[in-house]
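Multiple structures are listed underneath, in structure tokens.
Look at the two complexes coming up: subunit A is in both, with subunit B in one and subunit C in the other.
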Partner chain A sequence: MSAVTATMSEGDMDARTKPATPDEGARLGFRLTLPAQILVLFISAFPLLMQLYISVTDWSPLSGVGWWNAWEMWNSFANYTDLAADTRFWSALQRTAIVMLVCVPAEFLLGLALATLFADDFPGKRIFYSILLMPMMVVPAVAGYMFFMLFQSGGPVNDILARIIGTPLTIAWLSDPTLALIAVMIADIWQWTPLMFLILLAGLVGVPEDQMKAATLLGANAWQRFTTIVLPKMKTIIIIALAIRVIENFKIFDTLYIMTGGGPGVATETISVYIYKVTTQDLIWGYVAAIALAILIVLSIVAVYAMKRMAKSREVPA
Partner chain B sequence: MKRSIPFEIFRYAAILAAMAATLVPILWMVSMAFKPIGEWSATGADLTWWPKQPTLANFQFVFGHSTNDLIVALDHTALKPILSSLLSAVFGTAIAMSAGTAAAYGLSRFGSGQNLPLALIQLRLFPPMAVMIPVMIMWAFLNLNDTWWGLALIYGIVTLPFAFWLMKTFFDDMPREIEEAALVEGCSRLRVFTRITLPMMRAPLASAALFVFILNWSDYLIALLLTTREWVTIPVYMASLSSSMTGQLYGAKAALGLIAAVPPVIMGIAIQRHLVRGLTFGALKQ
Partner chain C sequence: MSAIHLKNLTKSFGDFAALKTMDLEIADGEFMALLGPSGCGKSTTMNMIAGMEEPTSGKILFGERDMAGVPMGRRGVGFVFQNYAIFTHMTVRQNLAYGPRMRGAAKAEIDSRVGAIAEMLQLSPLLDRKADRLSVNILQRVAIGRSAIMEPAIFLLDEPLSNVDAAFRAVMRTELKQLQRQFRQTMVYVTHDQLEAMTMADRIAVMDHGVLQQVGTPLEVYNNPANVFVARFIGAPGMNLLKGRPAESDRGLVVDLGPLGVTPPLPDELASAVRAVRGDVLYGFRPEQVVLAERGLSMPVSFVERIGARTIVHLGEGASAVKAVFENDVELSVGHAAVVAPLAFSVRVFDAATGLAVKAG
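The block that comes next holds the complex of A and B.
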């Protein structure tokens, strides 16, 4: 509970130091923020300690002892040394990186291209805009199922390809290691390009038109205007959009798991799928806790960096 | 700026291509949902793009009224999963919105809870998979496993960052003159918040709630880990709709997928204006 009292006094003092804010406001402010503080604490402090504790043991839900007695199964940091040597973990991490390095740039470039087309008014703009945003609102598990159907060997993807090349095709996309990975990446790009489009378009309309006109008068062509005026103005927005997609793409699970279950073999096993499988199939929770903590620590560093960026961006009118 | 004719042709061509890529997967599912079993899968020239004999059998099957043409009956219908998805998403949204709105107001007006913005962003950064072990243990301890209220609680926490950040930017943007006038009139600060600020913010509150609802409704992973049988949600139930005996129940799954996909798409279009703000934690406004 010490953390609660600490944040409480901190909040109180901040409010008091503000001029013309009487005690009543500080007390109300504290009471209003209390439920959120409790929820955050409930989901961070205690679980984190529990995770830390379990991660140095061999505990599993099948081990017959409660988690609080996990110390009986202390394994002197073996989980962490195992992790360093776990080739399946490292290849899952590598695969997650590959998916990210393909999907995020593809989503960015497609989204930017679309946003550029939508920068000024034209007939039908609103309806096109609404339809193009639809994929990001589709439940990801349902999107996964859509693409599962599309990539069946007797499915429409093969049908379209067959019409183009003129011979019947029966590619089993989701059974081939490379093609399965490509298929899940296509599904991710389909679903999340609209998010890039949406954010980048919001940034694009913020670029001042008089500067563009001045540049045109000075003889700059479209490409020069784009690289010297538009891109620098949008720098922060681009960073935010990329950061959001990198974070979310790292978690990739729903669509992918429904499409391939991580297979064939481990061909599409990303880090979330790998953790899921160890959690539900191998049931070695002590080890899962160690993996999870390692990831949390790395991501915390990213979090602080991203937060600084976000804070900076708020000074820029968008 | 005036654009040339070739540019306009290029623009419409590119947009139509993007529209096709966007719509084909969605329309394939819509079409599948109305296909009789004989048209579910076929190859080459027999591939059915649009149902030749449209039927509602898939929807009837999902709701358990009829099993005609299909191989097996289900051990329970989609009604309870739909109810589970609804209850957990609605109450999860209620938790996130009440805690988030109150905290956002506390920070925006009184500077309380300075740690919350960063703490909540961090909460959002972590893959749910990386914090689920303790959650599963705690939920089992609290008897919350496989219940819709257990799901609602975790949904409320997981989407709290969005509720908080959205409402914080709305409160920050709101002019304070009216609140100040009411204070001068002798209203207490709590009364100002509940009687003046909240009613004024009805529209932003509704948008934020819809946004949070979409996120909760879209979950798959958490429900997959925390529900097993009684209160599985639509996506979990949908994934279980195939077995070695029946094979893929394409039509039934598509029907259910359609039912799951329609509410968030409609809501998303309704709150289009606020999507950018919501997705970027208020860093960007449209």
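The block that comes next holds the complex of A and C.
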């Protein structure tokens, strides 16, 4: 008898301390997180919706009506059809892709090589380490000026090359369409390899030492250890590093704009430079909104893909 | 299979001598345990055998072959790490196949060797499991299998059971010993746990502070410790050692233990050896080889540990503290005096100055 009473009173206790239904708990949770949700809505969803709204109008800051009245200038989907036919947009997108496809792999390989080097001890490691991280700390605009001056036809780059070859050189780095793009990519690689290095070094140090020793004892040489142990263990961190750089590099702007202004002509005009010009010079904001939205969709696809890969590789923790 | 000879082996890290001197012969097919407290140089010795570290001086021979300068990948050594160092991003099959694959063996050959080793270690049903979610005894088998597939001459095991919870250790010990019988390889097993060494090893090398203290079968090391360190280290609790002075009596040579009185006379053979010692001696006897008697050492009981199968009685205190282990519960309580007598055959005597055992005969 007593046992039964005990169980019953325990049941009563439960009812009093815990919410009766999971539904009620969820509602409480919703109420508690409501302020935060409103904030997030305001800083992310609101601008996005505003952008979507403006992107279907001809609105510009000079049109004399507030943005909320932009519906008066509704142009159906003209901005999007214009975008599809905008060759300057498509070549800017193509250029951005080229820059990304050169810079990110270069930064990755250099960063990985440096990280491998720094995983072992060598004299002066700490000093080299600090020096190596410095480019990352330089303000991109300042880096832009630095490379702007380095690549002048009478500048240090030509001077050093001339000394190596032995004949005077006046390569017009920043006014030749191809060389300008190369110069811009060199600046980006210089500035962002350290970040890649830093992330990859963190991953490399995390590779369990005894598994490396075990591989050695089983007869694996240095290259085999690298491909069969180090790389698989670093998979997650490599995906993170690449995703960060792909997204950042896609938005390449400040250094590039100071070095070339997107020129000569449109030779170094990447997507960000193009948007900047359309925004500040042409002032057709409805169109800008359409471009920005298109890019957001592209980057979101990259991010989602990266996150999916990460989730997949996390199933096999190091 | 291969014998291992360590000759005048030393290892220093800067000013610190991790291994002061080591001479050890490990026979072909023998299970040798390197036993000692942490920092005694046992792992350093093992790492040098594996080739992970180069000796400062001295030689390592596998059979007739000098191992100086032979890189660890070419020594033909199987190594089982403390945490097994299983490649967690691979399957069991990939782990087992790793060695042959790295040496460029043909696919068909790898498959048949993996199949054979998996069969032997009862890993066949687990071959396609990811190695990161295996229980610890499976991990041990994978670690052994991964090394065994290379048919190493020598197996080195670095405290493989130290991360295993106590209840499971007995199972693992049995399994490990069976595996060794199966492979019949020379095995060197590093441990700080004497129970593991005693139960598995053919011979035990007891080490302390970079010096080899004694090599012998488990029972030799237990019954006839070569010095005071081994006497105290082996056995749980270790041997009782009481300082005293040899003295002649009408019944023969006894040891005068000061306030504790005099011991029963020493056996004749031991007595003649003890007579050669100048100065004080340590009178030693195992806590398990003590009886409650009418005459003997009369000491106050300071603590009684009753752990079911055994009862450990702590007697006296300070330098003259003695422990006695009884199979059954005893009618002793704290504060009361107890009279204990060591069994005559169990008495060992050590030179107090050198710490070395005084050998009978």
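Worth pointing out:
Just so we're on the same page, the second predicted complex is superposed on the first by the 260 of 318 C-alpha atoms of A that agree within 3 Å, B and C clash if a C-alpha of one lies under 4 Å from a C-alpha of the other, contacts with A are read in each partner's own complex, and residues count from 1 in each chain.
Just so it is clear, a contact is a pair of C-beta atoms (placed from the backbone, for glycine too) under 8 Å apart; a residue touches a chain by one contact, two chains touch by 3 or more.
In this text the structure is predicted, and so the values were computed from the model without any measurement.
Once chain A of one complex is fitted onto chain A of the other, the partner contacts of A:146 are limited to subunit B, with no touch recorded for subunit C.
Look at A:62: by the touch rule set out above, it reaches neither subunit B nor subunit C. Of the two partner chains, neither subunit B nor subunit C is touched by A:165.
Of the two partner chains placed by superposition, A:297 touches none, neither subunit B nor subunit C. By the touch criterion defined above, A:85 reaches neither subunit B nor subunit C. Counting the residues of subunit A touched by each of subunit B and subunit C gives the higher count for B. When the two complexes are overlaid on their common chain A, residue A:26 makes contact with subunit B while staying clear of subunit C.
Subunit A uses residues 213, 216, 318 to touch subunit B in one structure and subunit C in the other.
On the side of subunit A, the complex with subunit B involves touching residues 7, 10-12, 14-15, 18, 21, 24-26, 28-33, 35-37, 39-40, 42-44, 46-48, 50-51, 54, 67, 113-114, 117, 120, 122, 128, 130-143, 145-147, 149-150, 152-156, 158-159, 162, 168, 170, 190, 194-195, 198-199, 202-203, 209, 212-213, 216, 237, 240-241, 244, 247, 250-251, 253-254, 257-258, 271-272, 275-276, 279-280, 285, 288-289, 291-293, 295-296, 299-300, 302-304, 306-307, 310, 313-314, 318. Against subunit C, in their complex, subunit A makes its touches with residues 208, 210-211, 213-221, 224, 228-229, 232-233, 316-318. Subunit C contributes residues 50, 52, 72-74, 77-79, 81-83, 85-90, 98-99, 102-103, 130, 132, 146-147, 150 to its touches with subunit A in the complex. On the side of subunit B, the complex with subunit A involves touching residues 1, 3, 8, 11, 14-15, 18-19, 21-26, 28-29, 32, 41-44, 47, 49, 95, 98-100, 102-103, 105-107, 109-138, 156-157, 160, 164, 188-190, 193, 214, 217-218, 220-221, 224-225, 234-235, 238-239, 250, 253-254, 257, 260-261, 264-265, 267-269, 272, 275-276, 279-286.
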